[in-house]
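Got a structure here, written out as structure tokens. Questions coming.
Each chain carries a letter (A, B and C) given by its place in the written order, and its residues are counted from 1.
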Amino acid sequence: MRVWTRLKDELLTVSGARILIGGAIVLFYAFLAVFAPALAPFDPEELGVGPPLQLPDSTYRFGTTYLGYDLFSRTVYGTRIALTVVFLASTMALLAGVPLGLFSGYLGGWFDRVAVLIMDSVYSFPDLILAVVVAAVLGGGVVNAAIAVSVIYVPQYFRVTRNHTLSVREETFVEAARALGASKLDTIRRYIFPNVSQSIPVILTLNSADAILTLAGLSFLGFGITPPKPFWGLDISQAWRYLTLTKEYPQVWWWTAIPGFAIVVLIIGFTLLGEGLNDILNPQLRDSKR
Amino acid sequence: MTCGRTNAGRDQTVLRNQAVLWDESISRDKSVSRDKSVPRGDSVPRDKIVVRGLRKYFPVGGTLLDRILGTQPLVKAVDGVGFTIRDGEVFGLLGESGSGKTTVGRVVLGLEPATDGEVLYEGRPITSGLPRSLRRSLQIIFQDPHASLNPAMTIFQGIEHGLLIHSSLNRAERRERVYAIMEKVGLVPPEVLAHAYPSGLSGGQRQRAVIARAMILGPDFVVADEPVSMLDMSIRARILKLLLDLKDEFGLTYLFITHDLATAKLICSHVGVMYLGQLVEVGPARAIFEEPLHPYTRALIQAVPVPDPARARDKALPHGEIPDGIRPPSGCRFHPRCPEPMPECGWEPRDLQDLIDRRLLELAEAQGRTGPAGFDVRMVEDEANHSLMVANKPALLRLIDAERDRETPLGRAIESVEVGQRSVKVRFRKPVPIPDVSIGDRTVRCLRVARD
Amino acid sequence: MNVEAVKIEAVKAEAVKAGARNVEAATVEPSEFGKETVLSARNLSTYYRTKRRVVKACEAVNLDLYRGEVYSLVGESACGKSTLGATLMNLVPDGTEVTGEIVFRGRNVLTLSKEELRRLRGTEIALIFQDPMTRLDPLMTIEKHFVEALQSHEPISRREAALRGARALDAVGVPPSRLRDYPHQFSGGMRQRIMIALALVFEPVLLVSDEATTSLDVVVQAQILHLMRSLKDRYGLAILNITHDLGVVAEISDKVGVMYGGHVVEQGTALEVFHRPAHPYTGGLLNSVVHMGTTQLSWIDGMPPDLGSPPPGCPYADRCDLESAECHRSFPPESRLSATHRVHCHRVAAGLAQGRDAQ
């Protein structure tokens, strides 16, 4: 009961509103992804379900592409791919980056130095180029795209976790654990990790926003998700290629605008959610704002 | 060979006995059974902890090159400390912050490796780290109850963890013990408080939880590092009482680290007064508080506020503050602050430097300048020759002459003053080492005491 | 019955009508003879309103600060002493309900504008806190602190400002050569001295110290207390000293106010409060201090009341050994034991009434 009233108070603040709006957007996309088969009138991967370049109307609600794909079905199904890749990539990055950061920060020494060196070199690489390299090596497909995207984010989880670990390590209660005779693994698991983990949901959501953009970019460049899979970045890429050939831009606005809109709204959703969580989970920041 | 085997055998028996004792650590008659392990009629208490020539240096700051080459400046946090704590004593380690008393406690517990020296627990060396089997015998209570409990663990989990590490008790047994120790330290009702997080507890309750966490392992030696200084006045007495009750009940030996001399006087049987990494006076508490011999001990006692406005008046306080331990003052480390110094206490060029610094405004005005900016004194210390080069300015010369004429300790420690064209070279006498003097069962490191 | 008495009766009746809890407080206090009042508070209450409850952090407080006197507010944590300090400076957060009157040298603090208050606090009133590092900019030298502080209040050259800074540092025992140093290069005690020096350049009349010596070591604490005492004598400062440490109070105070549950339950000269404590809480608090003469530990059982839901009567009744039914019913009226010594306790009030009847 008390938890609920506290939660209610939190949700009425600015950060609460952010979480509500961001969460609603993300949930809406998740809904689309889950019920895509019921919502989409056509098979998104089937050619020529309608006339080419049909304007949005009652049958083809978002219009069709040059090859007669139904853009509405493709946009709805694109949600599936976007969320799957984001989920897989974030999970993989988290599973690799967080434990590494914990051990690196707590143990220090040569292990820490080597880990930092590797992570920093990965981090200093331009995101998209790194993803392109990995995707080119691995080839297309949802899982490979997720791996390519996750590689970019491992250093972020690593850095945040390590920095947090470094400060928590100096806390008296960690020394108390040593005085009790707790093993290193036990100390990390029971004393460090629970106090470091608060910042993970924040990076998770903020990275998700970024991951969508990376995935879109990757697909746009022809890596990661490959045709005929329905994905927004891919549709924009094809529309753009078509446009550069025919220069019919004003007439086929829907082909780029709708997938683009889908990307932007989902990114906004994740960002709002992440910022809101950040305000609530990082009390220090919150106190300084008040 | 045979002899060695016998010894080893005896050690094992002791260990096994302790394991048994510890298993009964919650039961009330622990102190009784403990007595059995010590032969009766043995009136001389055993040495619980012996510390000899303990040193702990920390590298600080320095440039990147220093760090790579390992030539960083060292803070001598503990610089040659030795004392003995006998079984059942409350040994108070007193001093201001920066005196190194907390570091001593941490090194004794093996939380920090010693740079040099040795620590013995019941005759066994533990300097190179505490064996796991001894962990539960030596415990610590920290100063800040807010920082020393894991915010992510409930009180129950925090107290229970030690049992998880050191025992093979089952869930129900562990719970029974946690509740029992919580009751013992006054965390009642345990059923309710056990599932609270530290953030839901008051400062006093948290400190009780910290004490419970240490006590559940059944230690016989506890380092209490300023256990009440962060607590509200009205809670302090209650926690102190709890610590004393636990000592009586479980036959504990305490290393009680504090800057509060009034508390130390009340509960310690022996005290050691630390200053800048060294002990300046060690002995029975009663004797030291009745007749402090070292000027620093006297100063600390004087500085304790007296809760009586009729008696609270000016005191002979030491000047300035405790300097840092990178390059401690030579001779007696307390000499620059000492209210009653002598010329032989270790006066050195730096002291003159400090004196000039303190008088800067006065000096500037004597030169007809306003502001310290107008009076830039360049001073160069020649450490090897115990001398200081200062600019040849009349005001400075007058200051130095005045010190010599008035025969201040600093002035009398000046060996020669060579007036050059642009600079003045002030040479000091070589400092003499300060001996430890034993008076009765007390040891004092002070030249004045040594002379008397 | 003379006219004066009638007047007082009328005032009292009005106060009762107005719902004032404490009838005596409504009468006008004569200022102590020959002393310049710097700040006085009358019937001052501070309530924090949150959505679900009202925290009565400070209730019907009357106090006077005079030039050249140290007034110490003492009490356990969460007794309202820091709130009272903040209220007197009008530093409470927006939305806090403050009623009553605060007069600082003839001006009503509660009606001053934000800008006027800021000027007042910067110049005539100086504040020092437990952690000086929060008030010092780590990126600025001490000299720059002085220059910025002085230049924000008066047209003054850098050089002149630095010189005044040097003099102020000299006065508080910091070598002026350290003007060019940064805050982190100083110890806690030195930083506190610097804070005092920064406050002193404006020649304030009131210095408010909120637990300023609490985190310092005994020796440094004694030095700072000595410094505060000498500054008080030298500049004729009024000092409001908020602390939980009774030893500190005894060291420097002329007057002492003991706070409990949002009320100043006893106030008087330091000698009166320490030697003849009238309130049972004051007595208990004094006994719980561990000092060099302590031979036995003693304390007050129980916890201070939650200011969000204070008990109806005397806030101390639940912990008091001498409580009666009346104590749980109503907050005790003010009893005057001398011109300066005042206490809120039913037992004292009853004792006084008996004494009057006997006469």
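We take it that a residue touches a chain if its C-beta (ideal position, glycine included) is under 8 Å from a C-beta of that chain, and two chains touch if they have at least 3 such contacts.
Keep in mind it's a predicted model, so treat the numbers as computed, not measured.
> Linking chains that touch, what shape results: line, ring, star, complete or other?
The chain contacts form an open line.
> Please identify the chain lying most centrally, where each chain is represented by the average of its Cα atoms.
B
> Using the average of all C-alpha atoms in each chain as its centre, how far is it in Å between chain B and chain C?
35
> Taking each chain's centre as the mean of its CA atoms, how far is chain A from chain B in angstrom?
Comparing mean C-alpha positions, chain B is 52 Å from chain A.
> Could you state the distance in Å from the CA-based centre of chain A to that of chain C?
That pair's centroid distance is 55 Å.
> Taking the touch rule as given, give the residues of chain C at its contact with chain B in the complex, in rising order.
76-77, 159, 162-163, 166-167, 170, 175-179, 187, 189-190, 217-223, 225-226, 244-253, 270-271, 274-275, 285-286, 288-292, 294-295, 297-300, 303
> Residues of chain B touching chain A in their complex?
Spelled out, the residues of chain B in touch with chain A are 109, 111, 130, 132, 135-136, 139-140, 142, 144, 147-153, 157, 161-162, 165-166, 210, 213-214, 217.
> Residue numbers of chain A touching chain B in their complex, please.
These residues of chain A touch chain B: 171-173, 175-183, 186, 190-191, 194-195.
> Report the residues of chain B in contact with chain C in the complex, numbered from low to high.
96-98, 202, 232-238, 240-241, 244, 259-263, 265-266, 289, 299-310, 312, 314-315, 317-318, 321-322, 354, 357-358, 360-361, 370-373, 377
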